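Sharing a structure here in structure tokens format.
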């Protein structure tokens, strides 16, 4: 039964959305933007749920991914799709520099990662020869033509990011279902207890950090090729972590679909409904919604829906 | 003094206590024994309001106690000495003890009571400024005990005070209990060391699977018999 | 005939302040246009881009779907770049004064226009320094894109003129400027300090300078410094400070256009117009006029607006405006003003000066 | 050169004092409830805007805003607590998003009420230079540095020596055990939020008197405060002072000896270095294992 | 199997373990006793790698393990329990064992897990949340079960019997004996109940103020006047 639902959702995502909404540039660009946030949210939630680590610095990975992909495609002429992968790998390598922060816990970890994000932003600003400094990089090549279909349009971008998110969600699910997933869950508040039974918790956490960094990096790279423009303040903007956190927690960060659904709901509601109601200051409503959500359904939107189902 | 009437309590969906009724007489030491998992700790927590009571009534001197928030228990002169894990880990030993006398009516006696506590457990004096979280298991247990006595309560509820204590200290502990009893305190004691618990007790309740299986005055209790009947599974 | 023009502007987020300033100009332009042009009407639909590129793109797309025939607005090159790309793809004209980055006009957008640029600022600053006869300058600038571009190009030009220019870039997050000013005071020993930043930076720098009193002869800044608002809000910091200014204060508008603008502005917003409003007004007015001309020819939907804009040659509040093939306004030269008492006096260039400069002149 | 460095140290010290003042309320709530109030920066900003209104609207010295700011901000802070206390599970993480949401609301309210303009004091008395030998500062900086030290001393005394302060720490250490001692956790935590609100009130008025404010500034304030809180180690008030001064001095020295563009970089690097050497912050204690 | 040589652990000014030299053979069951705060738990922490000794050496199977990380010591065969139980949060009782087995041994054997659950009387609580839904004694049983699941060769038991009532204790002791015989596990057990030690161990070592003050048969040790003075308060054998 559940499987049927999933197939239907998939068909709708791949078929109905482009067919019904594909002509409306505005809606499509909102959906793509929401999916980018959803992708970062997924990567954030993976680290939070499996690694037990709350990060305030995912913008670091997003930014590094964006820059790496932009630089290799613009300066070295690497094809865009390879650029996306390299962007992810770049972010992964950036996370290797961060491995020492794995010693830290809770807010200490969260902030240390944020510090890295700041450092990367400043590096991107100061390393002018490579990054173009604060002026950034313009005219980043768009998504290529695949199988005769030009992906650089709204629908193409949508299908690309949808596929990326889907692949990441499946990878996430596989990790979670494995014994590594169980051990990771176990580590959260009882690291010593897991170590003394033979779990190399540092390695596992490190791996999760890298996987998560990779995902956020690909999202950043995708966005760079989608927006075609990059500058430090934008690539390393704090919004690339606050919005995903909001989305993930809103949708339910313990679930896999939650962060993505959360991103879509929050972003679309905000832009389509609240913004029409209150053109400036509509974030006010968004803030209120968040507060209400945490109080009335702290485990997220999906849990809320499920509860309604049973009732 | 303290009376439980058909009390039910548990943790969410898991109900642990099934219609427990018992009485603790003023100035007497009432001990509750029973196999592991019988619900003794749950019972004590229910009295203190740390576990919600879903049915029945708890009375203190005839006055209904259900629903009274835990922090108002001190107003009634009740103190609970929980297991040693429940010390304030991020505070020093001395601050932990001081917290024992938090209630307004005891604050002016802090100095004297501290001195008494250190007298009772010299080890704590040596560890005065150490964070309670870094104490050894036994030291933490002593601290919990000493902290509970800081408020000089009329009704003292104690959960397994001898847990993790070295034999020498266990001896002292039971001497302290004797002294407290002699000082007119009402005590409810849960203790795994049945032999010694029954030896200091006036009345013994035996719990099993969340129910009171037996209520006897201490002098009538035949331990060996009880063990054969109730403890062996 | 009524035409919808989209205004894509940051009304919230980090650029909210400048965005709302420009919006005022846009609204005034529509008001004036609708009053004076009997034939056509302009309706403005504003969408807040929240200072974020993706939302700027979405805003442009939404405006297009609501029937906008052109876009006016945009602030910050990082928002303008993708937003104008989107407009370009949709075949809409995009006109702005909110981004001075040169890559905006150098990457082949066919429908992109802007009325100001780095070069215009640079000429003004450098002209003022030349008038002063300053031989050494310390340039304090924010590492943001527009500011560092301007600072670096001013430094280059000055170097060719034999003026010693020392630069101090600062992170936008910085709040205490005393250590920088102290370096200028004890190490650079320059004759003037040039500040390239935003309002909050100026206040910080001027405060630090007022405390440390470096032995300079002039404090010079660029946009949003020589404004009546700054004069009234920071009476202790502003005296004798120089900054780019379109108009003196109290403003006396000689041209009919200027008078219309000032009246409408005061009627709508109950305050003195500032430079943001003027830029917004000029860019929008030029746009509306082009739309009107295209409408008369019936080419609005056929790329006529861009065509008409390209033909623009007109004196405006910011001087003569023409558009080059890349959409840039080659005539743009800013003016320099100086806070004198409660007034702002235009002191450069000579032709438009309303008074002479007080030099040396410092706030302290 | 020595003159430069001396001034940098002095500026850094004063800057540290202001950082500490901003961080204090956050550190208090974090130390006593393990809740990170992401709306803290906005509370500070709210007080700063109140000071602005008092100065520009009533024409009074911003210092007169202190009573009103204390009242309004601590009431708001109490409101934040009221909402936070409604969280039923995973308080540590859920409070993050909750207070973030409140921060968003406050930012937008400030924007709606006070508009997007940049504001700062126009009082010349506060901006006057105060010179001791080769050291220069603004009068208001020095005044609020002293205020900051006094508040810190007071808070330290209150937390470590008063019954209420001890109760606060007890609740954060073990809620159930605190109840057994006769402490009502809810009331105690409410007090901690109210006090944090008052501290934010002071910080906001101070900020207005020597800094520049704008509605979007709250987030940056929260981050600075948060960094100092973490540097300090859970709930340590002396740690807040040391961490803040260290940060201020490191920033000022970077500007003096290297470049002002690298100031933030230096701050962040220092932050990371301290954490790598002392994973529990400057004054945090390591936990017993096993 | 385990050799400690001059092992010391200091916390600031406090020497918790003071130059302890001790060998434990493959088939030994050693009782470790001593007053509260004598350093017993700290000694376990040092052996399992949770605290870094300030001096001395630790060898396991002749191999110096002082720099070996915690998890690898576990895989080498050092299992331990915590005096204050530390269940793995967010997991059920059974999942706790699965993780221990999978990472401690590299294999999964469901039957073995069932056996251990049965063994430790946790079978009916297998699906409870380990961190929030168990009573203290059940948590202690879980500690043992987790350690067993890693198939250790040396088992360090820290007061696992404390809090058990007499018959439970007896049953648990039977289990330990069986474990010892069946799996050939060497055991070091910290315990304050002297009867338990007497019936379980052939050898007892006593710590006092971090120092090893006695090592021998229970008979000999519990009649040692120094042990009586500092620990038991009366002769027990």
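Letters A, B, C, D and E mark the chains in the order given here, with residues in each chain numbered from 1 onward.
What we mean here is this: a residue touches a chain if its C-beta (ideal position, glycine included) is under 8 Å from a C-beta of that chain, and two chains touch if they have at least 3 such contacts.
By chain, with names taken from UniProt: A, D = Branched-chain amino acid ABC transporter permease; B, E = ATP-binding cassette domain-containing protein.
Everything numeric here is computed off the predicted structure, so don't read it as measured data.
Between chain B and chain C, the least number of touch steps comes to 2. Considering the contact criterion stated above, the chains in touch with chain D and with chain E alike are A, B. Using CA-based centroids throughout, the chain positioned farthest away from chain E is C. Chain nearest the geometric middle of the protein is D, using mean C-alpha positions. Of the two chain pairs examined here, A-E and A-D, the one linked by more C-beta pairs in contact is A-D. Using mean Cα coordinates as chain centres, the one most removed from chain A is B.
Averaging C-alpha coordinates per chain places the centre of chain A 36 Å away from that of chain C.
Chain C and chain E have Cα centroids lying 75 Å from one another. In whole angstrom, the spacing between the mean C-alpha positions of chain A and chain B is 52. Rounded to whole angstrom, the centroid-to-centroid distance between chain B and chain E, based on C-alpha atoms, equals 28 Å.
Residue positions of chain E with contacts to 2 or more other chains are 41-42, 48, 50, 82-83. Chain B has residues 134-135 in contact with two or more other chains. Within chain C, contacts with two or more other chains are made by residues 11-12, 143, 171. Going by the touch rule set out above, the chain pairs that meet are A-C, A-D, A-E, B-D, B-E, C-D, D-E.
On chain D, the positions that touch chain A within their shared complex are 30, 36, 83, 86-90, 92-94, 96-98, 100-105, 107-109, 111-112, 219, 223, 226-227, 230, 261-262, 264-265, 268-269, 271-272, 275-276, 279-281, 289-290. Every residue of chain A that touches chain E in the complex is listed here, in rising order: 179, 182-183, 185-190, 192-201.
Looking at the complex, you find that chain B touches chain E at residues 11, 14, 33-37, 41, 83, 85, 123, 127, 134-139, 141-142, 160, 163-171, 192, 194, 227, 231-233.
Contact residues on chain D toward chain C in their complex (touch as defined above): 3-4, 7-8, 11, 14-15, 108, 111, 115-120, 122, 124, 127, 129-130, 136-138, 210-212, 214-216, 220, 251-252, 255-256, 259-265. Touching chain A in their complex are the following residues of chain E: 48-50, 69-72, 74-75, 79-80, 82, 86-91, 95-96, 98-100, 102-105, 108, 131, 146-147, 149-150.
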